[in-house]
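The following blocks contain the structures, represented as structure tokens.
One chain, subunit A, links the two complexes that follow: it is found with subunit B in the first and with subunit C in the second.
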Partner chain A sequence: MNKRLLLLAAPLWILIAGITAAPPAWPEFLVQITRGQDTAIPIAIVPFAVPPGASTFDVAGLVGHDLDGSGRFKSMDRKDMIGQPHTGAEIAFDDWRRLNSDYILVGRLARPAPNAYDIVYELYNVLTRQRLLGYQIHTDSAGLRLASHQIADMVYQSITGIRGAFATHIAYVSVLGHVPHRTYQLVVADADGANPHVVMQSSQPLMSPAWSPHGRRIAYVSFEDHLPSIYVQYLKTGARRRVSATAGVNQAPAWSPDGKRLAVTLSDRAGNLDIYILDLATGALTRVTHDPGIDTEAQWSNDGRSLYFTSDRDGGPQIFQKSLGAGGRPRRLTFDGSYNARPRLSPDESQLALVTREHGDYRIATLDLKHGAGMRVLTKGRFDVSPSFAPNGAEIIYATRSAGRGVLALVSTDGRVQQTLMSTVGEVQEPAWGPFQGND
Partner chain B sequence: MKRSMTKVILLAGAMMLAACHGKTAVKEQPAAGATVPANETSGPANGSGTTMSPLPGAAAGSVSALAEAANNAPIDTRTIYFDFDKSDIKPQYDDVIAAHAKTLTANPTLKIKLEGNTDERGTREYNIGLGERRAQAVRRALMLQGVADSQITTVSYGSERPAVEGDTEAAWSKNRRVDMVYQP
Partner chain C sequence: MPRFVQENARPAFMSIALHGLIVAALILAADFSMRKPQAEDQPLPVTATVVDSRIVRAALTAKQDAARAAAQQQAAKQLQAEKQIQAQKELEAEKQREAQQQRELAQQREAQQQLQARQQLEAQQQREVQKQREVAQQLEARQQHVAREHQRVLEAQAAAAAAKRAAATAAAKRALQAAAAKRLAAAKRAAAAQADLRRQIAAEEHAQQVASGPLADQYRAALQNRIMHAWIKPAAARAGIDCLVEVTQVPGGEVTNARVTKCNGDDAVRQSIENAVYRASPLPEPPDPSLFDRKLVLEFKPDE
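Coming up: the complex of A and B.
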């Protein structure tokens, strides 16, 4: 009944810029919901009580922003609230029930020391008056944002049964300036786009960021030497290592589930791209594909025993799967349309997200892997690419274009909710959603 | 200094080739002109078969027909454009390839880097593959005309380094290209 858990919400990373000291031109995101869900769950998120002189950070506001952004919730407008309870005992349930609120979240901040905060929050079912959550988070003023995302995660999971992914991170490539004087930045930010940190900057292209399984490292392709190389960089220290710089193409890094190997795309002297597995400890290469077509964009299965990848061995690009070790021919998975590329596996392995071409437009689709239900196109843009699943599988982040600029967008995996994340500066591309971190 | 010398050696060959090619070049004009930038369709390689060669050290600021022709001489064409999703070199670039092959074979220590590019549509990593295919097509064409493998390096930038920004076919047609860069 009085279940309480102390979560330590220290800032997860100290990010250090890569080669050059970065002039920070942080993109800031504005969320624009383009298609909503009519079945959103009504919830009242009452502003949390704040002690005098404390941070004015609006914890409840950010929790509501997260939940609304998921499309699964509709938080009550504050001006419609009939009171501001901060504890369960203060909630007049009959009144909140008349406002058609299914759930109510209340909370309060205490400041036991000058830069320390205890956030106590409780979630109630308005109809049954049952307390669904009751937690205390201890943090400091810099941790209030992360703590808010963690509260949103708990509320989301408590009501939907799906683990929340608001307290996770995304990586993306940001392009500033215009040809021929562009600056490429590899950026890591909170999942909502806040707190962007430039982890690498170059006058030459950066591409294909890939998170290690525990989110401590990022692999990416850099053209800083005017040739492509693959680097692995620790986010905490900024230390990095060039792991692949063979003659020709060094592209499309994908982490093995154990974090010890990368699937990479390399080329021979004749420019034939094939997929290899690079052992990060020994540098040993194992060739996976043997085909004169383009084989690239590998993605591992969760058991590490097979790769999904793009190949144009049959003409246009299509998705294939190949078992590792046992030899055997790759199995073609996509047959609808002339262009299906860049597979990304959902966390539960039930589907692949991919890029498909429809009448000359590039869109995000999912391919059912469990029931043979085929492909489902989720987006309606012209230039939708680079899909990446949220670690809970509920949403897919991808890159698109809006008013002539590269922007990021989200679509729920069921296709019902879409949002655009409008960056205020530059071009934003190649989002990669990081894994769950910390207590897993 | 070295560059202007190279140019002189080259132009003799280029003139010859342009003359030979004159008979067949006309019918290779792109249909709508949409897939090839305008300046690529108006050069001597496609035109009347007349190529004017600049005198060494000709006045740089001159807007005379002579200088204009110089800018369009095959050796001064450093970019080969491709059709959507294609990596075959269009016949209109035969003179350009020949001119560069001539320079490279005549100067065995000279090195060239072939930078393959695509337009911005499609997936970025697959585009790296398409850009590499285009660079390799130019590499093979040069080698067929006697250029040593050791003189050529290739790199694919895929869609990462567009020449022109914009979400229109006019921009994309200028981005589907191989840039030929002589190495210092």
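Coming up: the complex of A and C.
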């Protein structure tokens, strides 16, 4: 019977085969996804279990604060949580999925000694139920804050693929008091503004702090002798050295990638500002720009073979790039607007952050260096200046004004999230984001 | 009797030996009793001499005394001997009694055995008789059975012959009917096969039409829309990224598996894509059921 059916069917099958061809192992019905959302990733950060009598420091709270602040995450409100698991085994994945949480971070503190803490934490993908992280950090009560930032770094990297920069530091200048009793402070703090330490204090202006490539030294301009000089100071010991005190202007130091040279802006006798390279070991100066206009605010390329800088040689300030060693004219990079200044290079060298003027307001923008996509304005303030990239390139810190006071603010490099760091005191200026820890 | 001896060889030997010993002892004892008196019984020699009467008397008296003593002695000896003989006789009698007893006992045993043997023989004979009787009965029964069977076979043969004649006609009839039914069924099957095939072709054609028609576009758009809204695009998912994800869904659209196969993105990109598919679950249902496939392939290819 089957044979007969086959015989009967054969010519028809040939016909059908002609139409459909062989059925593929996977269907040809293919759906293409070309766009996605720029929304924050939902994550549940469950309060960590704490042994009785231990520090009340809220590790999970700080991790959530870090992640939320990055703009890439939206941590779940604690009052919406359906339980408080502290280990992976306690997680009811279906419940957390119903709460639309893509990820969940759980953890617990143990106190093996009166001032010693072991923080154990685990990160899970709720949708796939995979464990992404499972680590233990040993610290003391003073280290709980840093440990929390480190946990945030790990979570951030595990989910976004980008190294977290929450456990890094920033430097900035804070001005206290009023003329004639002003105090200028050079402050180093955690990336979120917490833990501020004054590393230098003066009654005269301090300006332009710049981190050395490994973060052990800071170069800055000090007017402590009533004339500007450039100093290099070791953060650990406080030991410092005046490296440039030529007559006239000494400003805008920038570290070469090898940490052996500084690009600085000096003035000649006519008061013309040009960029020079200062060899820190020998004190030798090499002139880079030769232009009657102002050339300043240098920034090294990652290979150390060219400089980005601000110049008003074409009229208003614009960003230029000049190769070192070879001659030739600097290349102008910005053409939008009449004011573009203070270039800062992203860690992957794909873009510059800069200050641009828009309708009379100063704002932070990025300039695409790779695809010629032009400039993109990220902020909407009236006086947003002094941008500095986080070492992971995901955020830019800058100075702005809030309620009549100079404060620091963060904007994600994609412009999606902005937040203000209100924890600083005084009139805050010129933030500089330090490199990753452990790069020393 | 010899069997009895054989069976009781040891006691018999002992008995014979004992008898032998007793006889030997008797012979010895008789010898002693016979010899000693022989020496004593010898008459004392008498020598007549002239002697004083007193002396004679005395001698006579002494002689008489001696004779008396000797007589007494003799009597005592005889008594002794008689006693011995008597004891011997008694012992002998005792032995004879015992032997007699033994013999009687043996006889009794033999009689008993003979009785038992006889009884056994009789029982055996009875059993054999019984057996023969039974065999005879069985034989008879078998013969009766065979007879009955034979009768039955004869009857059955007769009945079968009759039935056969009837069946032959019925079978002929049935064969005709079956042939007709078979032809009908074959025709029906062929028709059904044709119909199936037509339906299949129609379904294929429908699916083809749907798959390349506006309904498919509608379904594709619905899937795109749902998944694009579910995809939180990581920074690394820029233009140039091209990733395939194999999706398994069940009717109703629930995603049971999502697996990125070919992908030039990093782990974060892969994870975001798998998460997007799970987040989009349940997937929209197709506007035409023929469009539903448990397996879907999605291509994530950001245009910026």
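Definition applied: the second predicted complex is superposed on the first by the 397 of 440 C-alpha atoms of A that agree within 3 Å, B and C clash if a C-alpha of one lies under 4 Å from a C-alpha of the other, contacts with A are read in each partner's own complex, and residues count from 1 in each chain.
Keep this in mind: a residue touches a chain if its C-beta (ideal position, glycine included) is under 8 Å from a C-beta of that chain, and two chains touch if they have at least 3 such contacts.
It should be emphasised that the depicted structure is a prediction, and the values quoted were computed from it without experimental measurement.
When both complexes are overlaid on chain A, the residue A:G248 reaches subunit B alone and has no touch with subunit C.
With both structures placed on the common chain, the touch criterion links A:Y362 to subunit B but leaves subunit C unconnected. In the overlay built on the shared chain, the residue A:Q150 is in contact with neither subunit B nor subunit C.
Look at A:Q233: by the touch rule set out above, it reaches neither subunit B nor subunit C. In the overlay built on the shared chain, the residue A:T39 is in contact with subunit C alone; subunit B does not reach it. In the superposition on chain A, contact of A:D102 is made with subunit C only, not with subunit B. Shared interface residues of subunit A (contacting subunit B in one complex, subunit C in the other): none. Those residues of subunit C that touch subunit A in the shared complex are 189-190, 193-194, 197, 200-201, 204, 208, 211, 216, 220, 223-224, 227-237, 246, 266-269, 271-272, 274-276, 278-279, 291, 293, 295-304. Looking at the complex, you find that subunit A touches subunit C at residues 1, 4-5, 8-9, 12, 16, 19-20, 26-27, 29-41, 102, 125, 127-128, 159-162, 394, 414.
Interface residues of subunit B facing subunit A in the complex, by the touch rule stated above, are 120-126, 128-130, 132-133, 135-136, 139, 149, 154-158, 160-167. Against subunit B, in their complex, subunit A makes its touches with residues 178-179, 182, 205, 207-208, 223, 226-228, 248-249, 251-252, 265, 267, 269-271, 273, 294, 296-297, 310, 312, 317, 339, 341-342, 355, 357, 362, 382-383, 385-386, 401, 404, 429-430.
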